[in-house]
Amino acid sequence: MLPDKTTSMEEAVARIGNGATIMLGGFGVPGTPFSLIRELTRQGQTDLIIVKNDANETGMGVDHLLANGQVRKLITTHIGLNRRAIDMLNAAEIEVEFCAQGILAERIRAGGAGLKGFLTDIGIDTELATGKQVVEIDGTPALVETALRADVAFVHADRADSFGNLCYAATARNFNPLMAMAADLVIAEAETVLPPGGIAADAVHTPGPFVDHVVMLGEIGEEYQVVRR
Amino acid sequence: MLARAAREIGPGLVVNLGIGLPTKVVDHLDDSIPVCLHTENGLTGIGASLPFEQADRNLIDAGGAYVSTIPGSAFCDSATSFALVRGGRLDLTMLGAFEVAENGDLANWKIPGKFSPGAGGGIELAQKARRVVVISTHVDRAGNPKLLNACSLPLTAKSCVARVYTDMAVVDVTPEGFALREIAEGVPLSDVVAATGARLNLPAGEIPVF
Amino acid sequence: MLARAAREIGPGLVVNLGIGLPTKVVDHLDDSIPVCLHTENGLTGIGASLPFEQADRNLIDAGGAYVSTIPGSAFCDSATSFALVRGGRLDLTMLGAFEVAENGDLANWKIPGKFSPGAGGGIELAQKARRVVVISTHVDRAGNPKLLNACSLPLTAKSCVARVYTDMAVVDVTPEGFALREIAEGVPLSDVVAATGARLNLPAGEIPVF
Amino acid sequence: MLPDKTTSMEEAVARIGNGATIMLGGFGVPGTPFSLIRELTRQGQTDLIIVKNDANETGMGVDHLLANGQVRKLITTHIGLNRRAIDMLNAAEIEVEFCAQGILAERIRAGGAGLKGFLTDIGIDTELATGKQVVEIDGTPALVETALRADVAFVHADRADSFGNLCYAATARNFNPLMAMAADLVIAEAETVLPPGGIAADAVHTPGPFVDHVVMLGEIGEEYQVVRR
C-alpha cells in the first residue's frame, strides 16, 4: 500500500515561508499552476525567488506575485510578454537572472538529479558566459553551470493519483517534470486525482516519490483557457 | 522569401522554425516531403496551426501559437527537447535576426537599453542546429543593413549562420564572406549591394532569380 | 534479525532494499504500513516476488528477482531512478556489508584480487540515502569481525552507516563509535563483544532483547 | 508526414564498422537487444568498445560478443554474473572500465543531451575518484564526470512506430531511453512496429527524432524469456 498525499491547497501552500525559492512549471499558459499561484498570492508570502521559464502575461500567473510585491528575484529565460516584469526589472524593483532556455531546464534537472552542476559549451562565446567558471575537458573549454534546487516546486498535472504519480497533457509538460524532482517540497495541482493504479505504471511522467502533496483542482478557471489575442 | 526558404527543407530532416517570420515558412511546405517539425517547448511532429475556436489549451508552439499533432507526434519535457537540439538531432533551424556578420555571427536576442527580454531558446538553436539559416528583411525598420562586417549587438552565437534568406536575396556565409546566390524578382542588383553592410561576393554569370 | 530490521520501515518512507539479505526484509513488512519500495533498475512501488511460472519477463528488481507491481507503481529509466536516490527522495536503504567501521565507513563492493565485479548501484545508495542501515552477519564466514575500527577494503562510501542489524545485535554508529542497542535472544553479551572488532559502547542498565 | 525508418536488421547493423563504440540497452535480461547483438555477432565487427550496465550471463547477449573475441573494452557497472567477462578481465583479454551505476546512466544522458560532462560528489572519498578532475563549486569539491557518447546504440523497445517513437515495457526501460539519445546511429529493435499514431503522443518514451532505424522483431527468442535459475 502506497501513502496517500492528497492535501488541501491552503494547507499545502501554508508550509511555505517568506524568502522561499519557488519553482513554477509552465511555458506560457500550458502547465502553469495558476491555482497554486493564486493561493500563494492570497497567503502573501514575500521576498520570494521565483524560477519559471517566463513571467506569463500581464494579469496572469506570475504577474499576480509581481503585482503583489511578493517577488525579490526571478530566474527565467524570457519575460517579453510581461510588461510589468520588464518595467520592474528596469526600475530595479526585482532582480532578474536570465538563462538560455535549455540551460535553465538542465540546471533544474541537475538539481533534481542530485548533481552539483554540468559542463557545456552553450553560450561560451557570448555575454551569457560572463562570470562563469571555465573548466577544460579534453583540451577544450566548457562552462560550469550550477545545479538549481528550490525550497518549493508548484507543478500542474493533468492527472495524478493519490500517491503523487503525475501525467502532464501535451505541451503542458515542459518544465513541470524537471521541477517536480528539484525541490524539497513539491506540490502538484491536478485536474483529476485518481486512486492508485489509475495511471498505468508505464505511462507515469513523474513517479510519486518525488511529490509531497497532491491538490485536486475543482473547475478549471479562466486563466487556464485558450488566450484569444 | 518564405516560399524560397521552404525549399531548404528536404526529406527526412528535423527542423525548428523560430518565432516570427520563420514560423510562417510552414505554410509553404510541400506536404509530400516527410519532415519532422520540432518546437522547443516539447513537441516533435507539429501539425497545422489552429484557430482559437479549435485550439487545445495545452498545445502550443514556442511562439505561443495554438498548433495540433499529426500521426507520430510526441511530447517531451524541456530538458529532453533541448537535448535533441544540443545532441545533434536538429538538422536545421530557421531564425530571425537583428544582425548577421560576414563570418556567420548572429545577433537576435538583445538590444542593450531597448530590448532585453531574455534569450529564450534561441542561443541553443543557433549554436547547435546542424544548419542555421536566417530569414529576415534585408534591412531593419530604419533602413539600416542587417548584413554587416561585424555585429554590434550582443551575440546569440558565433559563426553559426550558413545562409540568409531576405526579401531581396539569398546570401550564403562563406569563408570569403557573404556570397550572393539568388536575387528576388524585380530587385536591382545595385539595391541589394547598397542594402548590404558588408562586401557581397557576386556569382560569375547570371544571378538566379527567385 | 530481518523481522527486527523490518521495524525500521515506518509509514510514508521510500525504501531501497539492497541485494542479498536486505531484500528478504520485505517478507517481514507489515502490509498495513504505507511505504514505497524502490529498486534502482527503475521501479517505484515493488509488489510481491513471483515464481518463474507467473513471472513477467520484463519485470525484475535490481537483484534479478521477478517481482510484480502494485496499484500506484511507476517505471522510470535508470537516470531518473538514481536521480531519486541522489536527489534526496530515498529515505532509507538497507545494504549488506563486508566491513563497517566505527565512524560509519562502509565497504561492500570489492575485495582486491578476489572479488571485483563492479560497484553496481551500491555507491550511490550508500552515499545518498537519507538513512543507511546495514543488515549482515556479525562476523564473516571465517569468523572474523565485520564491525571494525577502520575498514581495510576499498570503501563504498565514507561515514554513511547509521545502524547495523546482525544475527547477534543491533548496533548504532554514534559520534563515540559503535553503541550496542539490542541483543539477540539467547546471545551472551560477551559473545557480541568478542565478535566485534572495535570498542562497543554498552547502554546503561539492561540491554533490550530482540 | 513523418519519415519511415523501418529497416532490415542486416542492413542496419551493416552500417557499423570495426572499432565502433556501441551502447547496448538492458539491465540483465529485460531490455537487452538480444537480436541486434546476435546479428552483430554474425557480421563479426571487431575491436568494439561496448557500453552496457552488465555483461549479461554466460551464453547470453554480450557474452556472445566476448566469446567471439569482438570486444576490446567494456564500460559497465557490474559483471558479476558473467564468469567469462571476469576471466577475460583478469587475463587482460579485455579492458573494463567500471562506473557507479547512476553515474554511468548520467554520463550517457549527458552525452545524449549534448553536454560535456557533469559535476558530482558521488565516489569522491573512494577509489572511484582516482584520476578524475576535481572542481570547486561554492567552496566544496566535485568530481568531473565526462559525457559518454557512442557511434552506435542498440535499444530494445516493446513498441515502436515507423518514425521511431519508442515505448519500453516495465523494467526493460532502464538504460534504453538514455542510450537512444547518445549515439550517432541509433538502431531500435521492437517487438511490435505500428504505423505513425500507433503510440499516443503523451505515452512516447523516446521521441522518434533520436532514432535512425527501426527493426521489427519476429518471434521473440529464448534469450528474452524468464530465466529459471
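Every chain is named by a letter (A, B, C and D) in the order it is written, and numbering of its residues begins at 1.
What we mean here is this: a contact is a pair of C-beta atoms (placed from the backbone, for glycine too) under 8 Å apart; a residue touches a chain by one contact, two chains touch by 3 or more.
The shown structure was predicted, so the numbers you read here are calculated from the model rather than taken from an experiment.
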item	value
Chain whose mean Cα position lies farthest from chain D	B
For chain B paired with chain D, centre-to-centre distance based on mean C-alpha positions, whole Å	35
Rounded Å distance, chain A centre to chain B centre (Cα mean)	29
Residues within chain D bordering two or more other chains	106, 109, 113-115, 120-121, 168-170, 201-202
Per-residue overlap in chain B, given as positions that touch at least 2 other chains	43, 69, 75-76, 79, 82-83, 85-86, 128
Those chain pairs that satisfy the touch definition	A-B, A-C, A-D, B-D, C-D
In the complex, chain D residues that touch chain C	27-31, 53, 76-81, 86, 96, 98, 100-103, 105-106, 108-109, 120-123, 125-128, 158, 168-178, 205, 224-228
Of chain C, residues touching chain D in the complex	39-43, 52, 55-62, 64, 66, 69, 75-79, 81-83, 85-86, 117-124, 127-128, 154-158
Partner chain A, residues of chain C touching it in the complex	11-12, 14, 31-36, 38, 43-45, 69-76, 79-80, 82-90, 128
For the chain A and chain D complex, residues of the former touching the latter	106, 110, 113-121, 133, 135, 137-138, 140, 142, 144, 146, 167-170, 201-203
Contact set on chain A toward chain C in their complex	1-4, 109, 111-115, 161-163, 165, 181-182, 184, 195-197, 199, 201-202, 204, 207-210
